[in-house]
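Think of it as A, B, C and D in the order they're written, each chain with its own count starting at 1.
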Amino acid sequence: MTRLFAWLALLAGCIYFALPLIGMTEFSLKMRRGVYSLDAYRKVFEDPSFWATFGYSLTLAAATIVVGVLLVVPTAYWVRLKLPQARPYIEFVTLLPLVIPAIVVVFGYIRLYNTSSILPLTGSAIGTDFLLTMGYTTLALPYMYRSVDTGLRTIDVATLTEAAQSLGAGWVTILAKIILPNVMVAVLSGAFLTLAIVMGEFTMAALLNRPAFGPYMQLLGANRAYEPPALAVIAFAITWGCMGLIQLVTRLAKHERAKA
Amino acid sequence: MTRLFAWLALLAGCIYFALPLIGMTEFSLKMRRGVYSLDAYRKVFEDPSFWATFGYSLTLAAATIVVGVLLVVPTAYWVRLKLPQARPYIEFVTLLPLVIPAIVVVFGYIRLYNTSSILPLTGSAIGTDFLLTMGYTTLALPYMYRSVDTGLRTIDVATLTEAAQSLGAGWVTILAKIILPNVMVAVLSGAFLTLAIVMGEFTMAALLNRPAFGPYMQLLGANRAYEPPALAVIAFAITWGCMGLIQLVTRLAKHERAKA
Amino acid sequence: MSFLNISHLEKSFGSLRVVKDFNLDVEQGEFISLLGPSGCGKTTVLRMVAGFETPTTGRILIDGQDVTGFKPNARKIGMMFQAYALFPNLTVADNVAFGLKVNGVPRAEREARVTEMLKLIGLPELGQRFPFQLSGGQQQRVALARALAPSPRVLLLDEPLSALDAKVRVSLRNEIREIQRDLGITTIFVTHDQEEAMSISDRIVVMNAGIADQVGSPFQIYNRPTTRFVANFVGTLNSFEVTVVNSTTLEMDGQMVTMAEPVTAEPGSRITMAMRPEALRLGRADGFETVLPAVVEEVHFLGSVIRVSARMAGTAIALDTFNRPDMPPPSPGQTIEIGLSGKHAFLLDR
Amino acid sequence: MSFLNISHLEKSFGSLRVVKDFNLDVEQGEFISLLGPSGCGKTTVLRMVAGFETPTTGRILIDGQDVTGFKPNARKIGMMFQAYALFPNLTVADNVAFGLKVNGVPRAEREARVTEMLKLIGLPELGQRFPFQLSGGQQQRVALARALAPSPRVLLLDEPLSALDAKVRVSLRNEIREIQRDLGITTIFVTHDQEEAMSISDRIVVMNAGIADQVGSPFQIYNRPTTRFVANFVGTLNSFEVTVVNSTTLEMDGQMVTMAEPVTAEPGSRITMAMRPEALRLGRADGFETVLPAVVEEVHFLGSVIRVSARMAGTAIALDTFNRPDMPPPSPGQTIEIGLSGKHAFLLDR
């Protein structure tokens, strides 16, 4: 009986996610009255703004991932190795972006770096892009940190470090040859989540007034009927594809090992 | 040298979060020209919309937490106990809300449950609130599931279940007397994160046109200068307070045990 | 009819048969060990008795009642697990009381029983502690008390000592045996540690690849193993290729060995004779008629016993001798004489 | 001057002094064990030699060179850890080659050395496997090969066997000892298992609460313990309260015991005499002049040895006797005679 209940719960969960998606997809195909067609998708792909905003967000996502990895991997490693008692605090700090609304962060930025401040970053497009990247890094931090930290949990950081040291290795060798290769999959999965977050983010980009994909989606959503669901389906397909890619990488890595 | 670098990274991380906050707080105190004052805060607290939207979001947060706990705890327990091979898939499902932008979910809802559909939920306020709660549950699902699943990881679910069974206990007893008490702290921490997310959420509430705290913050931000940072500081203080409370609960629970 | 009867028990996971035609009769109050290497099916048998696995075929009877189809919580058995099985959210007393509470025992009676149980395991003052405040050995004692509190018909022990330190392991196994004897409770104990099984069991079931190879007292299992697997798995074995001379005599590297029991093999054929390390004697002595030279290879001081590895008649052998404070052990490279007798030898089939 | 010299080593964590004035001289090629209960400071000493902990005071010299201030990667030591220390992203061969690569050994030489090392540990064909494809015992062998590959000056072993099964533990410890003897590498081995330490060490340092209680060969440590702690920690001990009669004779429950070494205590005073379980003899025998009656309480069949727990002269004692296939052990409740001799006894200080 409980087993039945559990399966029902599972089924409910799946429907919970699948229904909106199916409804949306179905609607996006109905642009031409009475028949299913891909007209809405064609319209989206023909819109130059789609490609411009998409490319912009993709670039910023890449920058965000680079900054995030450089910030997170050495920090997480060092905390696990030398400051285990500081872990709860670091974890707390990395969770802050979840509890400080994006609006707050952006307002803070605008107040700090406006055109009349010492560092007038919001005055130029490149400066604002930099600010936005920093904001995205903040948003992605919880996922990136968790992911890397979980990756580090699967290996015995202290013992591996001491083993490498006793064999004569220095810090650079240890980080590059032992630590990074062992958390590569975790880093990739963090990078993917970052990508997904940046592509869908609306608040920051809108408030900093940059031509990102999120605001574009909302704009379309407010003014058109059939294109927005088509867009959403495309976005979903992209993220799904990325996720599949990650799975593939993980599998291949395992397969490679098993074969060797 | 690497140690120095690590400390610098840590410091940079702290500054990264602290600076906007400090800047914002400082600005929020400058409403009265030339002197620091709490005028902005007084204004915020005097605004009835503040209390209305705050109360509304709080109510929805509570509903979201209840739905989330009922959905997640039995599912996570059952998956760990009987379907360990399904765990990666379940985890994948619970991560979907992170990669499906909130906009997509809301559009899906609007298309599915609009006034001309079979289930016109968006037609009434209560129906829309229900939809919004479901949407929030989706948003909070990754955190709630992770939290509970991590909580379950700290106990040996299979052995505890078998031990209880061999002593004559049935499923209800096992869930109520053994499993739930042992993941209580995890459930609380998931509940807190849910609360933080719901209080700060903007997109869903705005698109469904409900009087929530997130849209109120944005509205204020677009039209006023000093109140928004004050509001942000208040929001931050509240979340910080919640977090402290959770810490306290955890400590007390441990203390209680140590004392006994 | 025996108290616990297992007949023709089989269990397959997919195409893998992990338990094959397992039969066992356990008398009331007996302490039985299931001994074997990991993967031999011993834990699966125990879990089928507990009800956590459903047998593919076969029956399990407790006190004449067929419990094969029963759910675990209806079998009235007590079980002790490897580790971490105490409920972390309950005090020691509440852990012990859990089974009683579930079965609806009234409060006063329950409390009296908990006090009695805590006294039995020698921890009367720790009732209000939480499991994480106890040592590993104390936790396992509480787990025993919890399993015993509802007066189960059968006590099942699933390697309860494997997570403990060597010293605690030895003292706790003796304590478990004492309590079991005092209460007279029928017990099945699963272990992969042959010393553990030998030390506390009335009878041992040696399992190999899902089959019960031999059932017998520790003395029988050790001194009269019926299969090569049992002979090798339980204790250390020296085996020698010897030639049959006649029905009582074997020839070993030119020396004659007189066996206590008649040899059935053809004279002239080559067979395998086995002796335990303690059956070999350092030097000459009464009753050890055959003496062979040997060269010491390694000497391992183990405490009360010194194990000498040597080469004798072309075979690497192990010999156990007691430590003597007035006589240091031989050194590697030294040539020694080893005495042995056919009385302490047994023959191995193929 | 010895090869490895540790003098006046101290280590405090906060106000806690975990190692107190530790001194040790190790000869080239010697196998030394640090033995003690958990928390006695043995691992801290090893980690200070490895360079993972900085001594509060004291010096460590290897081959005449003061390495006290050296970083771990500059000490040229090899280390083996408890478990999980192989680099999971590298193959077995790459793991073994790691230290050589870091030290800039050219490729051809490196490969030859790896092949040699894999042959040494008996796994020549597993070079291309990954650690997760190996058993626990194989992993620890690879860890040994990796530590030995760069030809370290000292080999440090931090309980490398504690995560393994009983049977693997015994065979691997003997293998490690053989390889160590073949290479003649100076080795320090940390363990809490007294049998392990006794079985493979040239000398043992028994540690207690940060202090080296006794340093000596296994035979000395076991048969001539200098402190009560050592006597109790290493092996099992029977201790009897006896009265001094004169400088060679003690009175024990009305029977006289003649000691081999003179007794310095005042005649008439009560002192503690100790004997190992194997020094007590079941029944009468030559050379065991004193005979006392005893009642058997428990009999534990351990394989080659049978341990009898009995009550003699008001004291609970343990007696070890070898298994004899033709003579079953005594049963609980039986009255037996136990022979003993002052030659095998030693006195314990307060």
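What we mean here is this: a contact is a pair of C-beta atoms (placed from the backbone, for glycine too) under 8 Å apart; a residue touches a chain by one contact, two chains touch by 3 or more.
All values derive from a computational prediction rather than experimental measurement.
Where touching is counted per the definition, subunit C and subunit D have no chain in common. Contact analysis places A-B first among chain pairs (by count of C-beta pairs in contact). For the pair subunit A and subunit D, the distance between C-alpha centroids works out to 54 Å.
Subunit B and subunit D, compared by their mean Cα positions, are separated by 55 Å.
Note: centroid distance subunit A to subunit B, computed from Cα atoms, is 19 Å.
In subunit C, no position touches at least two other chains.
Taken residue by residue, subunit B touches two or more other chains at no position, since every residue touches fewer. If each chain is drawn as a node and touching chains are joined, the picture is one closed loop, every chain linked to exactly two others.
In this structure, the chains touch in the following pairs: A-B, A-D, B-C, C-D.
Put simply, subunit A touches subunit D in their complex at residues 155-156, 159-160, 162-170, 173, 177-178, 181-182, 257-258, 260.
Subunit A meets subunit B in the complex at residues 2-3, 5-6, 9-10, 12-14, 16-17, 19-21, 23-24, 27, 71, 74-75, 78, 82, 90, 92-93, 95-96, 98-105, 107-109, 111-112, 134, 138, 143, 171, 193, 196-197, 199-200, 202-203, 207, 214, 217-218, 221, 228-229, 232, 235-236, 239-240, 243.
Put simply, subunit C touches subunit B in their complex at residues 50-52, 71-79, 81-82, 84-89, 91, 98-99, 102-103, 128-130, 132-133, 143, 146-147, 150, 156.
Residue ranges of subunit C in contact with subunit D, taken from their complex: 165-166, 174, 178, 192-195, 198-200, 218-219, 222-224, 234-236, 260, 276-279, 298, 300-305, 307, 320, 322-326, 328-329, 343-344, 346.
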